[in-house]
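Notes for the one structure printed next.
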C-alpha cells in the first residue's frame, strides 16, 4: 500500500486530529443535553404515587426536546463524518470554518431549550423563529464547510466529480429552506416546526446516500 | 496483511469513528454522574466535626446510586465494545440504532436520580418502575443494535455463526426480564431492585464470555 | 517503511495518547462554554413576543463572549496541534508543562465570564486586567511548552532548525504583549480589549504558516 | 513487522479502546473541576474596582484547590498511561478493576470541594480525613489495577520481570501512607495535607522512572 500511494497515506493523519477533536465536541454537546432534565422535587410531586406519575408525565416536552436535539446533532455529526471521509489535507481556512460549525453546534441546546419553555406561551412564534434562525446559520456553516473541504488540493484524488457536485447541490437547499421555516413561524408555529422536522428527515436520507457513495 | 485481506483492512476504519464517538458519549455520561453529588453547605452541617461527619454519611444513597449507575453504564459500554469488535462496515441504519442506544444511555442518570430521591417516600414503587422501564427500553435498543450490526454485509467474515446465534439469544432475555422487574415494583420495591441488580451481574458475565469469543 | 526508520515509527505512538488526552480537554473546555447561556425565565421575559425578543437580544454580550472564548481556545488548540506534529517522544517534563497549559486553558471561561459580567460596571478595568493577566500566564505556558517539546531528543529528526528558531521567536512576543494589554486596561478598557483581539488574529496567522511548514 | 510478531500486533488493538475510554473519563473529570469556580455576583463585589479585586483575590483557596485536583488527576493519568503501555490484552477482570479506579477518579473533585469549603471551620479535621480517605481507596484501586494488568497472559512479552517487581513495590507504599495521613488529620490538618502533597511529588517522580523504563 505504501508503494502505491505514499503521499495520500501520509496525509491521512492530517485530518485525523481535526476529526477526533470535532468528534469530541459533538459527543460532549450531545451528552450535555441531558443536564436540562430536572428531577421533580418532592414538595412539587407531593411524594405520592399519583403525584410522581403526573410529574414525570408532564415533562414530556423536555423528553421530546431532548430526543429531537439529540438526533439533530447526530445527523449533523453523520454529515460531518461523510464530508471528512473524502478529505485528506487540512489548512487554516478549513480549521476556521470547521470551528465556526462546531461553535454553532454547541449552541443548538440553547434555542431548543427556548422553544421547550415558550411553546405554550404567546411568545411561541418568536421562540420557534429563533430556533429556525439557528438552523439557517448552521445550514450556511455547512455550505462554507463544504466549500472549504471540497477544494481540489484537500480532497482525496479518488473522489468522483459527480459526487462533489451532487453533495454541493443538496447542501445549497438548506439556508433558504430554514429561512422559509423562520418566516413561517410568525404565521403558524405548527407548520414551522413541521418544516424543520421534515428537513431533518431529508438530511438523514441524503447522508445515507453520501455515506454509500 | 494487506495482501491477505485488503478489503477488510480498509473497512476497519469505517467503524472507527463511530466507535470513537460512542466511546466519547459513554465516557461523558459516566463522568457527569458525579455532578449529582453536592457538598453539604456549612449552615446545614453546622460547621462542626460531628455535623460534617453525619452529613457526609447521610449522603450514602447518593454514593450508592453513583456507583450503581457507573457500573451499569460501564457494563453497557463493554457490551457495545464486544459487539463492534466484530463489525467491519457501517450503514445509515446502524448509525441510527446506535444513536438511539446512546440517547437512552445519556438518559440513565435521570431515572437513577428519581429513585435516589423517592426511595423513602410512598412514591417509591412508581420511581422504581420508571427506573426498570428505562432499562426495558435500553434492552430493546440493544436487541435492535444487534440486529443492525450482525447483518452479513457488515460483520467481519471471520465471526462464527454459532457465536452470533448465542449472543442474539442472550440479548433476547433482556426486555421481558426488565418488564417483569417493572411490574414487580408495584408489589415489592425491594424485589424489583434485586432483579435489576441480578440482571446486571448476569450481563457482566455474558460480556466476559463474548469478549473472549 | 518499517525498514527505513523503525525507531521513529515506533515512537509515533508515544505522543499519541498525550495528544488524545489534550484534545479531550480542549474539546470539553470549548463545549462547556455554552453552559453559561441561560434561557430567560418566563416571568422576566413576560411571556410576550416583544418580551422574549428583547430578552434574547439583550444577551448579546454573552453570545459575543461565547464566540470569543470559543475561537480563543480553538486557536490555542491549533497551536498545540502544530507543536506536537513535530514531536516524537515524550518525557515527564513535557507531560508536566503540557498539564500546566491544559490547566490554564480549562480556566479561560472564568476570566471571560468575569469580563462579560463587569464590562458595564465601574470595575471594568479590573475585570479586563484579570482577563489579560490570564493570557499573560497562558503565553508563558506556551513558551514553556515550546522549550520542553522542541528539545533535540524529543523532536522528529526531519524538523528544520530554521523552523524551530522562527517558531520560538514568534512565541516570545506573547508574554510582554499581553502584559502591556493588562497595564493598558487601567487606562482604557477598549484599547486593552482591542490589543487582545489583534493578538488573536496574529496568532491565527502564525499558526497558519506553522501548519504549512 | 507483521511477519515478526503477528500475535502482538493484532492484540495491540485490544487495549486501545479501553485506554481511549479511560482517557475520555480522565479528560472530562479534569475539565469539570473548573465548574466549581463561580464569578462573584455584582452585589457581592459591589461593582467597584476595589470590590472586584478583593473578591477575585478571596477565591484563592478555590484556585489552589482547582490546581491541586488538576495535577492530582494528571499524575494519576500518567500512572495509568505508564501501566497500560505494557499491557497487550484485556479481560473482564481488568475492565472491572479499571472501572473501579475510574469511578474513584471521577469522585476526586467531591472531597476536594469539601476540603475547600470546610478548611477554615472547626470541621476541618473531618474534611481533611475524608479527603485523605478518598486517596486510601484510590491507592488500593491502583494496586488492584496493577495486580489485574501485570498478569503474564496480559502483559507484553518484552516487559522485564525486574520492572514489574519494582513497580509493584512502589505502589504497595500507597495505601498505608494515605491511611497515616488520614489518622494524622485529627491531630494536625496542616501535617496531613503536607503528607498528601509530598506523596503526590513522590508519585510524580516514580512515574517519571516508569515512563522511561
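Chains: A, B, C and D, in written order; residue numbering restarts at 1 for each.
What we mean here is this: a residue touches a chain if its C-beta (ideal position, glycine included) is under 8 Å from a C-beta of that chain, and two chains touch if they have at least 3 such contacts.
Keep in mind that this is a model prediction, so the values were computed, not measured.
The minimal number of chain-to-chain contact steps leading from chain B to chain D is 1. Residues touching across the chain A and chain C pair largely diverge in numbering: under half of the numbers involved belong to both copies.
With centres set at the average Cα position, the gap from chain A to chain D is 35 Å.
Computed centre separation for the pair chain C/chain D is 25 angstrom, with centres defined by C-alpha atoms. Multi-chain contact residues, meaning those touching two or more other chains, occur in chain D at positions 20, 24, 28, 32, 35.
Residues 1, 19-20, 23-24, 26-28, 30-35, 37, 39, 42, 45, 47-49, 51-53, 56, 66-67, 70-71, 74, 77-78, 81, 204, 207-208, 211-212 of chain B touch chain D in their complex.
Those residues of chain C that touch chain D in the shared complex are 2, 17, 20-21, 24-25, 28-29, 32, 35, 90-92, 95-96, 99, 102-103, 106-107, 109-110, 113-114, 117-118, 121-123, 125-127, 130.
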